[in-house]
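Next come two complexes built around chain A: one with chain B, the other with chain C.
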Partner chain A sequence: MSEWLHPSWLLFAGALPLLLLGDRLRRAWQLLIPALALAAVLGLEPGTYGSVSFLGFDLTLMRIDPLSLVFAYVFATILVIGSIYALHVNDGVQHIAAFTYAGAAQGVILAGDLITLYVFWELMALTSVWLIWRRQTATAYAAGFRYILVHAAGGMVLLVGILAYYHATGSVAFGELATHGAGFYLILLGFLINAAAPPLHAWLPDAYPEATVTGIIFLSALTTKTAVYALMRGFPGTELLVWLGAFMTLYGVTFAALVNDIRRLLSYHIVSQVGYMVAGVGLGTSLALNGTAAHAFTHILYKALLLMGAGAVLHMAGRSKMSELGGLYRTMPWTLVLYMVGALSISAFPLFSGFVSKTMIVKAAAEDYRAVIWLMLTAAGVGTFLSVGLKLPYFTFFGRDSGLRPAEAPPNMLVAMAIAGALCLFIGVAPAPLYAILPYGADYNAYTFGHLLKEMQLLTFTGLGFYLLLNQLRAKAKISLDTDWVYRRLAPTLIARLSEPIATADRAARAACLAAPQHAMSLIRRGDRSGARLARSWPVGSMALWTAVVLAVLILSGLR
Partner chain B sequence: MTIAEIMPFSVLLPLIGAPVCAMLPGRRLPWLLCLIVVPGSLVIAGMTLDAALDAPLQYAFGNWPPPIGIAYRVDAANAFVAVLLAGIATALLPWARRSVNDDVPDRQGPFYALFLLALAGLMGITMTGDVFNVFVFLEISSLASYGLIAYGRDRRALLAAFRYLIMGTVGATFLLIGIGFLYIMTGTLNMVDLAERLPAVADTRTIDVALAFIIVGLALKLALVPLHLWLPAAYTYAPSFVSAFLAATATKVALYVMLRFIYTVFQPDLAFVILPLAPILLALALAAMLSGSWKALFQEDAKRVLAYSSIAQIGYMVLGVGLVTAAGLTASLLHMFNHGLIKAALFMGLGTVAYQAGSVRISRMRGLGREMPWTFTALALAGLSLVGLPPTAGFISKWYLINAALDAGQPWLVAAVLIASLMAVVYVGRVLEAAFMQPRPTDAKAVHEAPLALLLPLWLMVGANFYFGLDTRLTVGAAEAGARALMAGSGG
Partner chain C sequence: MNRLVSVLESLINHRRRLGWLLGAFMLALVVVDLFKTGGYKRFPWDSIPAFTALYAFLASLALIGLAKGLGYALLYRSEDYYGEGRDE
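Right after this comes the complex of A and B.
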């Protein structure tokens, strides 16, 4: 039965009743549908299904192979976790957005051709933005609009790329792209915008921290990872991506260090972690691609866990700036413990999930004799541990006592975090099941003496450094609002670059719109006291003038 | 009776219905008459399209053979446009009842009579195979539209109608001058005959000037930048129903006539040679797309936003023509149809808002999304179609247009399409942002959701936008057949 049941349809159909159901039923429904979707995904068998004809193309709605399955599994899992986490939220619009967004993401993963991919791609942008808007603050509205604009632009670039690719090759099937023409680069650009690759990343740290407490879980898991999947499918071994990815890892870490808002800090770490995956795609060896898939899998889980922890703090304490938090370990111990599981995972601590996946990519770089890349990826790991594993928990849960005494997070939040935490631990301790579902059957063992030694050295010395530099870091925390301000002013983000000229042009155009008629009016008044009559007849005159101009141009251009 | 003999009744039904309608008393009867006449016209147009997809249909009035009498000659291209016209008019009518009651409080006989005349004129332009007949029907539809626009409640509607009257008359006169030149040189008014005789006299200055006059005259009716200045005010101040009807149909017909003149009467190897039409049309299309979208960004009145957006969308259609390829022509015809659906839905949505809230100024629409969720959701979905997201009709248009631009080896045009669509995101977003995101001013009067009589037709139109985004057999098939028919006409 599940052979033809597209998980997306299930999620789309399951989304609508959310608006009508009462609160209790809504909760049950919200657990039921993701569970059914997970079951549907687990029941998928490799093959291609669901052929439809559209615009004269034969589209493949479902192309299931090991690569798409890895992503489908983790997307379905995170929907279950995220839905549990959001169980207490009584906002139908948000849940509908989450369901359709997750359905669209599944659609992208399973799409067998570029047109299907594009349709779901646009749907993702359109549904995900509601997870930002439903925060219902002025900044969230504004950030949501910037988000939708960037994604609209990205979607259009992708569309043109697909058309150009079709013109070059005569095919819209989605596999490794066969040309190196305009289509290749436009599609790559479209994917990279969603992968948040600098300098096209600005939408992510701009919009995600403005999203709702629960919405950011889905956002962090789906958009960038569908882009990673698309890159893996279409662009394995593209040299550009190696350097871009390595650059991303450091870029994200660096900017994360300058940020005060804990959710924005974690957002920058999405950029950094996706950088590992992009680099893995670029390396293109089977070890690197396996590492990319594995890292996407683990990253979705631990990043969700981290953001759930930060969300719990925001939800309970009502604020998310490190300089305003501190000492929360007293009243939110479980949140702290679960957050630390995620933090150790992202830092690639042995026995935690990040360790078994990130080391694959780093090792692939080493096996490819890329010393610089290897060094960049390793250095980014240090920065990650420093800010996510040490700085953030220190200033949020320990450090200076802020006097805040929020209660522990509600049970559904803790349960969701516990599930994610358990998965992180399980994958870290027993990575074999994860390795078994990787697409390019490579033999890899994370727990070699060399890996352990390297990681432990790195982490220990990072910890030591943090301990020694704590005073300076604390001093920074006191002025971190200022750093925040500096970041906002200085961040060379695309959005800032785009929105500033648009605003200026807007102002200028408005001013011109106001000034021109006034100028004209004053001119007319000067010539004729009964100016109003002249002003009224002016448009007809100018229409006639334009008519004459166009006619003259046409006739003159015909002179031979 | 064969289908060719029934075919003229798609024009004659509304034409005959109009004087009857004008005499009917009250408000219900005229509307009921329209409800019989217009769907009847649609059925005939649909049957005609079905037959014309196979082979062109001919009908000679009064049994006078074509060179002497007036003949209707219908191929896939004009049958497609006729179906669009009658279809939009039919779909608008159920919605019109309430909206027109609001805009025209007393006797509605004359109003609906003008509407039927406008429809008959537009249908006539589409069906006829005689260039002078084109002019006659153009005048019928134009005069009726001036009257319809003047019905607007806002006093500025009179001024808008007056300006449209002046510019429309200039346009029609130019067309007449051009037709006169053609007649002097060839001695015939029949399109097929003209096509046969024109090449012999093609090297004369008169023919050059005739083409220039015809193109400029039609560009005026088409509201192609920079001859668009009459359009924003006319669409803004007209009654809601009239805005929706004219925006979805009138400019499309002007474009169709332009295509007919270029491809059938002059034929591309003449029309694009004696005047550099292709670069001029491309330049004007680009100007329309960019300046129309740009102006739409700064409008305070939502109807005006749509009016400027129409100007931009006309640019898309002309772009397809300027490419001078079959693919471009297909895209143009397709967008003609799809844009009709989009604009009808959007203007219906705004008309519904105007009916409930009394104003469609963006500042007055703040917070209305929560009071009228069904109306504004419909507007939002229609907005998606305007922006061109799948799976809407607008996406199909955009797909074919970009495809055609790439096909013609002019990829730089794609950039303009993209920039214009991005601006569409912004101007549609501005309206929706005010409605959904901003709080309702505390001193604003209470507004309720619109009655089902308005919502149902509106949602049907929105549904059509999605239906034709998914099932493209009819639209793409007919547009391709239409493009083939126009191109084939060029073969002689």
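Right after this comes the complex of A and C.
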């Protein structure tokens, strides 16, 4: 046995005792296991481990290189932060779900072949759905079911793609895909469903806001970012992804502007931010791919921080709709300040983490002379600051006083938010350590005079637009439709409408088909009456004759 | 009262003055751009001074207009459209 420990095994083994431990021990355990997992990940050395042959496939359980390490580091970090944030939750099922989900995500990141990746991929869906169901509302239960159905379909597409790929190439090793056949496109489609690419994205803004206050932190960090990793590994430089990613950035910010629920608004901004990463994968230059990895890293931290802030509001005020919130700065000032660190980070404010990562992707588009893409990505940056940096905090923490006076979030939540906030600031002020772990040797300086001037113009003049249209931006007590309408409304309506005509047609068709045999039956019955042809008795002699004839035919044909 | 809250309150009370300061800062950002030399020459608009400021302002109006247009024309529904509304 070589000396290596797969971080997933540690998390799976560490998950089980959570159900048995008493509350105090459970808390200690919940801090210990993520800390050990982080230590295990930090101790990983590049190489391949756990190569086994299974049913004739060459599997590699652990392939560690700079690309997988960036993701493994940030996944392990967010498990520590999310566990601190969830420390007060006395629900073993949720914590087990979080640990196994995080373990499965590490398994995907470290998998060296498509089959291992697929197994962990499915495990992610099966474990993560409990973070939605444990909200224990009817809405969450239904949303969780839709979530698992979409992921089951996506997993199936991925599996068929892997089989087709194996059929075409004879290999299941996971690297840049070596064919452009059906396998290529099916695997791409499977990855894109988890990356929440429109029109296959609706599972995310549908289900995430229904998850538990603490569960959404893990959900936002892991599923879409494993998809980004898988796209980086398998599909760098795929032209389609440039346009799809840029479209995603704008789709997310546009739909976010319609939403009333603060956690749904932030969920749409996951779609938007993942769009930058998908576009970066599509651009495929080393600057773009480094930007994608860096942005995944910073995004996981600031999005967790934003959702922790929104979750703190939901936890303390018991509601998450902007139309019912307002004036919370009076009693939840620390939540506000920490939320704003995340908001300035996602908005790419200088000195905050998004600035040092998002500008890499935008610059990569510029270096590729892609004018339209550059305009789209820049406009999405405007929309991000508008919703996450201005609208959400304004209508939640300031604006009209809702009269709500919830207490400040519990200490463990604030500590988790403070750690995430400190990391966002640290990366923004001193990006060198982040750049040092990027997979393709980064030589990039975000803090040029030109970048700073452009970014400050962008942010301040977006603020001007916000100020002028403030009344238009007031959240409405409405929901807005998205493509999940197809399976939540259109399909059930169609089935309800069509079931009656289908049943009628079915009855008619069966009657028509049965008419002929029924007619024949009635003829036979008529012949069966006594004295009729079929009821007549036959002499035994003629039977013997016919038997002899049959035997003769059999013998003759047997002789030939 | 919490010290952090009083800091936030004083910011709110001085919002008019802060607004003017921000306006002056924005003006400075544009003026500096007018006299800035060099910079990128990748896109046709790179030679337009303060293009990003103008673009961001127009994009913010366009995005709000697009979203609201989509909302009113197509997407807004009542909260119990899917039969689940509020389940507190």
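Everything below uses one rule, namely that the second predicted complex is superposed on the first by the 468 of 560 C-alpha atoms of A that agree within 3 Å, B and C clash if a C-alpha of one lies under 4 Å from a C-alpha of the other, contacts with A are read in each partner's own complex, and residues count from 1 in each chain.
Going forward, a residue touches a chain if its C-beta (ideal position, glycine included) is under 8 Å from a C-beta of that chain, and two chains touch if they have at least 3 such contacts.
Just so it is clear, the model here is predicted, and its values are computed rather than measured.
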So, does A:V93 touch the first partner chain B, the second partner chain C, both, or neither?
neither
So which one touches more of the residues on chain A, chain B or chain C?
C
Pick one for A:L32: touches chain B only (first), chain C only (second), both, or neither.
neither
Regarding the shared-chain residue A:L16, is it in contact with chain B (first), chain C (second), both, or neither?
neither
First, second, both or neither for A:L453, with chain B first and chain C second:
second
Of the partners chain B and chain C, which touch A:S542 in the superposed model: first, second, both, neither?
first
Which of chain B and chain C A:V160 touches, first, second, both or neither
first
Taking the superposition on A as described, I'd like to know which of chain B and chain C A:T462 touches: first, second, both or neither.
second
Tell me the contact category for A:A257 with respect to chain B and chain C: first, second, both or neither.
second
Help me check something: in the complex, which residues belonging to chain C touch chain A?
2, 4-5, 8, 12, 22, 25-26, 29-30, 32-33, 36, 39-40, 42-44, 50, 52-57, 59-64, 66-68, 70-71, 74-79, 81-82, 84, 87-88
For chain B, which residues count as touching chain A in their complex?
159, 163, 166-167, 170, 174, 208-209, 211-213, 215-216, 219-220, 226-227, 229-230, 274-276, 280, 294, 297-298, 384, 387, 389-391, 396, 398-399, 402-403, 406-407, 411, 414, 418, 421-422, 425-426, 429, 433, 437, 470, 472, 476
Counting only contacts in the complex, chain A reaches chain C at residues 137-139, 142, 253-255, 257-258, 318-319, 329-330, 333-334, 336-337, 366-367, 369, 371, 374-375, 378-379, 382-383, 386, 398, 449-450, 453-454, 456-466, 468-469, 472-473, 476-482, 488-489
So, in the complex, the side of chain A touching chain B is made of residues 54-56, 118-119, 122-123, 126, 133, 141, 145, 148-149, 152-153, 155-157, 159-160, 163-164, 166-167, 182, 506, 509-510, 513, 536, 539-540, 542-544, 546-547, 549-551, 553-555, 557-558
